[in-house]
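Next come two complexes, and both contain subunit A; in the first it sits with subunit B, in the second with subunit C.
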Partner chain A sequence: MPGWLASVLPAGLRRLGVIVAVLWGAATITFVAVKAIPGDPVAVLTGGENIVDAAEREALVRQFGLDQPLPVQYLRYIGQALLGDFGDSYQYRQPVIEVIGEAAGPTLQLAGTAMALALGFAFVNALATAGRRKGLRTVLAGLELAVLSTPVYWVGLLLLTVFSFYLGWFPIIGGEGLPALVLPATALSLPLAALLGQVLRDGLEEALLQPFALTVRTRGVSETQLRLRHALRHAALAVSTLTGTLFAGVLAGSILTETVFGRAGIGQITLQAIKTRDMPLLLGLVMLSALVSVSINLLVDALYLLIDPRLRRAPR
Partner chain B sequence: MSPSDFHTPHRGWLPHHRGSAPARGRHLRAAVTAIALLAAGYSASAADNQAAGKPVAGGTLTFGLASDTAIIDPSITGSSITALITRNLVDSLVGQAEDNRFTPWLAERWEVNADNTVYTFHLRRGVTFSDGTPLDAAAVKFNFDRILDPKTTSSYSKSLLGPVAEIAAPDAATVVISYKQSFAPLLQGLSLPYLGIQSPTYLRDAKSTTNTVVGSGPFVLESFTKGSGSRLTKRADYNWGPGYAAHQGPAHLDAIVFRYLPESSVRLGALSSGQVQAIDEVPPANFRSVQADNRLQVVTRENPGVNRSLFLNTSKGPFADARVRQAFQSAIDAPGAVKAAFFGSLKAADNILGPSTLYYDPTIAKSWGFDPQKAAKLLDDAGWTVRDGDGIRSKGGERLSVRFVYDAAAWGASDLTVAQAVQFSVKKAGFDLQLDPVDAGGYTARTAANDYDLISLYYVRAEPDILRTVFHSAYIPPNGANNARVKSLDEILTKAIGASGDERQRLYSQAQAEIIGQAYAVPLYVVAYQLGASKKLQGISWATNAKPNLYDAWLAR
Partner chain C sequence: MNVQLVGRHDVVSAAPAARPAILEVEDLHIAFPSRLGPREVVRGISFTIGAGEILAIVGESGSGKSVTARALVGLAGSGAELRARSLRLSGHDGEARSLTELSERQWSKIRGREIGFVLQDALVSLDPLRRIGREVGEPLLTHGLVPRAEIGKEVETLLARVGIPDPVVRAAQYPHELSGGLRQRALIASALAARPRLLIADEPTTALDVTVQQQILSVFQALAKAGHGILLITHDLAVAAQLADRIAVMQNGELVETGPAREVLRKPRHAYTQRLLSAVPSAATRGRWLSTSGARPVKAEPERSQPILALRDIAVRFTRPDRSVTHAANGVSLHVYPGETLGIVGESGSGKTTIGKVALALRPPDAGEVLFRGQAWSQLSERQRRPLRRHVQTIVQDPLNSFDPRYAVERIIEQPLLLHTDLGKAARSARVRELIQLVNLPSDVLDRRPTALSGGQRQRVSIAQALASEPDLLICDEPVSALDVTTQAQVLDLLIALQNRLGLAMLFISHDLGVIRHMSDRIAVMKDGVIVETGAAEEVFDAPKHDYTRRLLEAVPRL
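== the complex of A and B ==
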């Protein structure tokens, strides 16, 4: 389909250009920030025990290229980053890519499960209470507000205290399996579910007041059918945008969740990297989050086309 | 900043939630049950650690840790968590008993020449690494050569080895370490896991050693996950334990799981619900509640080495004058501050070195202390006579103001209470002590740039040579931790490295007297390892770096 390709290609290229620009911008800002913040890479390099004589210090500085002028360091760093090489982490003494790779699995698992749970909760909640069941709606809306205003780590502690320490259902020492995922994923998902639920319910309620809803009703279609087949699409548009933004937030929330539950993952590594000024790792992590957020934006845009047929037919 | 064995007792950066309601209810109920049982005439001996019976083999010990380690290879890190974990994985040439005496381990016996420059070790035969490689002199030499090789970027282990001239392996069972100059602290360094022996076959082939260790120890590392923990399993054919151990042969426990639980309330909850059998860093505020639980115990082990102290910058500002430093030292009510901050769970320090450190001089305690009158007189003598409306002294228009720079992330809530109590206490003498919190990078930058009046730190080490790291001029920041920027102790501390016996003791007494007498430092408290454990966990002994040894440990059924 050459015609189709011709219309998509320029848009695709433009998109790619934006992605590259965003990544480059993120890399540059991080580099400048890391260099501007005080700190001594040698202290981190030597395992924290800052006993190094001048000769050793110099050797280390040379080995990691820290003796070169900043512009040279910058160019080298950007060049290598383009090839996917962020160098060795100071504290872990391993290539940054490897460190991130090891941590990405558990975090993706956690974030993905939390997101899925949140969406599940939100959809059920909104479908059940939008414009009906007054009592339940009030209770759930109150709960949403409470959960939204509660810090994630506190929810985590509460869940742990009740379900792990008191009832003993989910031992905290359970390792990395599915049972060990239940509490942290729930803790992480609750505030998201609350926010998504609110937005989705509002959207649904608005959609149900539209003329098309009346038309559908006059055709004798059942209420559930109306909600699922017709109104949900309208409401889902806002939620899909929000989900993209929230997913980036989930990664941030994983720092707290991983700390409370003592789980390995990107959150823990980010925390350590910031604490110890592990520059290469920090740069790698920022690039990762930039990459994740542009890809999610891309995905959300694609999702728009899927959800709303009108956008597909929009004249260019 | 997490230099070896150098972190604050709590580094939690989340607010501490002190035992939530259900857990507390449980404690209460348990206590009530205990009282009821006692009243009914039952003996509580089953839960009493003193009535220890015969060790039982088997079981998995799960240990909750407050801090994680980035690297598990003990040769390239100074992390105290790595030391705790790898003590079970690697063996050392010599062992050090709790009373500081050295015992055989991988070396059956050894000879040291008169001026501490040549050490000859005779290795035990028949020892193998868990990968099957025999542990011989060549293996030992390979390990130490690797540590000395600049490419390995070993810092702490290398400093423990000292100024080595050559390491030789004349035959399969003999290792000779010779020195460029006298070096007495070697045996103590060798007894630490940082100089534990790893399999040369493994080291040669490993692309990276940050996640793995292969040693000859009583346990084998099954897995290590950064940010989560590690799992160790028993080695059934282990038969070369240290001379100080209570038993021979394989370890009693089948497996040890170290679980990283940074949030203190989670650690406590896991312990009181029985999910873990031991935790470290029991929060001071929960100390008594754990003690009150009749299923649990708190074992406090005081750290040897340099006590948590304030180091006064002698190179500039008001503290360049010894009288001002001495006044500051006399103005601090350290015992009061420590008691307020740690609820009596830690002891105030009476010397720069902890009492369990080799050559700790108990007579120093009498030479200093809280004495407001002395402080006032010293400040008057030094010319700081004018007092403003707040009671702060000044001299020639300059206020007696000093800045205490500290890493806020590594400085726990209790430490902050100590600092505030000190601030209050010295204000009465006329000092304006300003707390100046910075982040880790800022801390390193400020110390390197000599931009502070006070710094605080502590070091864990049973060997008094640790004083060299803190008071020798070669270690003035950025090259080390001589934050008092003292230059007058170089001769004593250098001489003491090579001296033996009484002479060495005399030199270290002299150093301690000068550090306290000249007020280079104000000792605050003796840092301690606070192990919270189930009473079922028995047979714990202590390494001289105040870490629990788990080789003799067992779990009662």
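== the complex of A and C ==
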């Protein structure tokens, strides 16, 4: 076994254990919550109470395994969930995994684009104003505050009014492809950009105060090069944590943007699942969001190791 | 080594004018804007540095020496206003350039290329996230001196030049993977990369152990021999004495005395230089005050029948993250007798601080035991030990970290009184005033917070706080290492005066052999967790038995 593997393997296994534990915990809590909520699942399945007769009702109960004792239901549910099978959605009458799969595409597209835009804005803003250009800095800092304190749906409506109604550049609702993505992604990215910009600028300014920054300057390196080559990497540590958290938040909080812009996506089906008490779908969605945040955390940790060599344990 | 040095000084004083000047500074003023108008921190200083010459600017913190160094590369700080009759640098092409009124673009051609800059403590002065090779090669890249593909090769040559073994391996490592000495060499290599004729070194050996410091100093000596002009900024007179051809003494932004190193050190003309020199603790200062002239009263010979503190066969082990075990202490036995000072000296990582913690019972030993006045100490439970703690107090290097920043001085000193005595409010207040007088502080500091005090004042407050519970034993861990030499002198004098007056025993831990020699009755030399030599101060210093002690003593630069 090569040296680096020997040092990485135990840590990796430990992480995997934690991930499994988190997913199991999330699944259990959801199960308990779902069972604790009052309501008749059969009514949800059929779209209303007393529409079906006793025999049909019996058949449905058996089909969805609702006649078995709770521990058995729980074990079956956990076992199947581990295999990625959450059962059929009550509402769509197709496997949960398929429903989520269809909706995940547009949401990922939106969240990914918004995140990329936000990072772009934040980097340009921070690089330009960290520790210099006082005037511009003040203006941008004010703008950041304004954007941060404005709700996303309001920004969204504003953008729609200007660019879709008056200028007609982009579709007002729904739509396919890039043009339909521009406004929602922008609306979603603005508060992210503001937050990331603040953290990045702080990180840069702190890095620029470190003694090594003086050394770099005494080598004749320009201010911009100092930022790009040295300070950015230091600032990236804090930013990568925040980006991870924000990304998970954007995925989970896509309901608002999707509603305002009339887009399909995870947000929409979550809303529907809650409205109609579509338990299997709800369980699937909770597991998805747990999985997403766990993997994002893992990714951020890996990024830390990549950025900061001091965190890598010396292989021996 | 000393013989060689004397030879070099002789050459210098014989023909000082023969060297072509690389840098000429005439009447340099530096001011910073403040609410009360511009504040001048450097006031009309002049000096020159010739090829192959080392000029040391010596001064205490706040004297303006670092600002001067930074101003020479246009990095004095934002808002700094520079004024000089002349500020001339002779460049590679031999052409003289004026360093006043340069644009940022013009400066970037000077920095690194014409003037190399070495800062202290390479752990933070090299970018910790980049490999050594990229850091050292950066000036080459910036000034476009060698094609990108050849930078690696050039870096290897540079690393080899400053005496780094295995340059290929080292270039691929990160700063934290190198020892302090190798790191500092790498930093020097990066300053040399673009082949500047002038090097500015700002406290280049301050964070290093004496033996490592010695190696770095010899790198600078070799560079001067190769024709580099070197401006050395240091607070350490002994380092200046060993390295410099000429010394300029700086006080409050002015150069009060400049001359050949030997002359300034042997026959100082200015009162400040004299005061600085006499404040340096050494063999010659034993038995006299450092901050005032005059002999100090002879201390009564300590009664050595029963030790106040006894360490028996102490072992302390640390497990590193990679599971290897470090022995911070191994079979350490020590005795401290009432009224005496036992000095523990050693380099960083020798285990001396660990011993201090074990003696304070802040860390249980993995083996062995500590006795206080012949009674169990390390083996007591914390509940049993608490009432005894008032007898053993400590003073640390930077008390700022151990003071509650929101407390005023009065409250800080009052804490041990609340803990260990049942004095009433008025009695406590009176006692605090007594203590503050005892450490020679004016009573108006009582209302101030620790951050509003100078380093020396803070250390006095820390001593007052330690004395509040009327201890019999003081454990001092590097108590003066963060202080300027004149402040250090005052604090050391205070500690000795208090010892004489109160009959305190002291366990005095320091890396500074001069301080240890000045303070201690007996000395223990530590290396890698083991006491290699112990004995009366004179014996250990004048006739060291162990090889390591001898090496340590030889490495100390002398005045």
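Methods note: the second predicted complex is superposed on the first by the 305 of 316 C-alpha atoms of A that agree within 3 Å, B and C clash if a C-alpha of one lies under 4 Å from a C-alpha of the other, contacts with A are read in each partner's own complex, and residues count from 1 in each chain.
As a convention for this text, contacts are C-beta pairs under 8 Å (C-beta built on N, C-alpha and C of every residue); 3 or more make two chains touch, one makes a residue touch a chain.
Just so it is clear, the model here is predicted, and its values are computed rather than measured.
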**Message:** For A:Ile307, using the defined touch cut-off, is the partner it touches subunit B, subunit C, both, or neither? Pick first, second, both or neither.
**Reply:** second
**Complete:** subunit A contact check, subunit B vs subunit C, more residues touched by chain B
**Prompt:** For A:Thr218, is the partner it touches subunit B (first), subunit C (second), both, or none of the two (neither)?
**Reply:** second
**Request:** Would you check which partner chain A:Ala103 touches, where first means subunit B only, second means subunit C only, and both and neither mean what they say?
**Result:** first
**Asked** Thinking of the overlay built on chain A, is A:His234 touched by subunit B (first), by subunit C (second), by both, or by neither?
**Response** second
**Prompt:** Should A:Pro69 be classified as contacting the first partner (subunit B), the second (subunit C), both, or neither?
**Reply:** neither
**Request:** Could you tell me if A:Gly135 is touching subunit B, subunit C, both of them or neither one (first, second, both, neither)?
**Result:** neither
**Fill in**
Listed in rising order, subunit A residues that touch subunit C in their complex are 210-212, 214-223, 225, 229-230, 233-234, 307-310, 313-314, 316
**Item:** Complex contact set, residues of subunit B against subunit A
**Value:** 1-4, 6, 14, 17, 20-23, 26, 62, 68, 70-71, 76-79, 150, 153-156, 159, 208, 210-211, 225-229, 257, 259-263, 265-266, 269-270, 272-273, 275-276, 409, 440-442, 444-446, 448, 469, 474-475, 477-481
**Prompt:** For the complex, which residues does subunit C have touching subunit A?
**Reply:** 70, 73, 75, 104, 107-113, 115-117, 119, 121, 124-130, 138-139, 142-143, 174, 176-177, 187, 190-191, 193-194, 321-322, 324
**Fill in**
As the complex stands, subunit A meets subunit B at residues 37-40, 42-43, 45-54, 56-57, 59-60, 91-94, 99, 102-103, 106, 153-154, 157-158, 160-162, 164-166, 168, 171-173, 176, 256, 258-265, 268-269, 272, 275-277
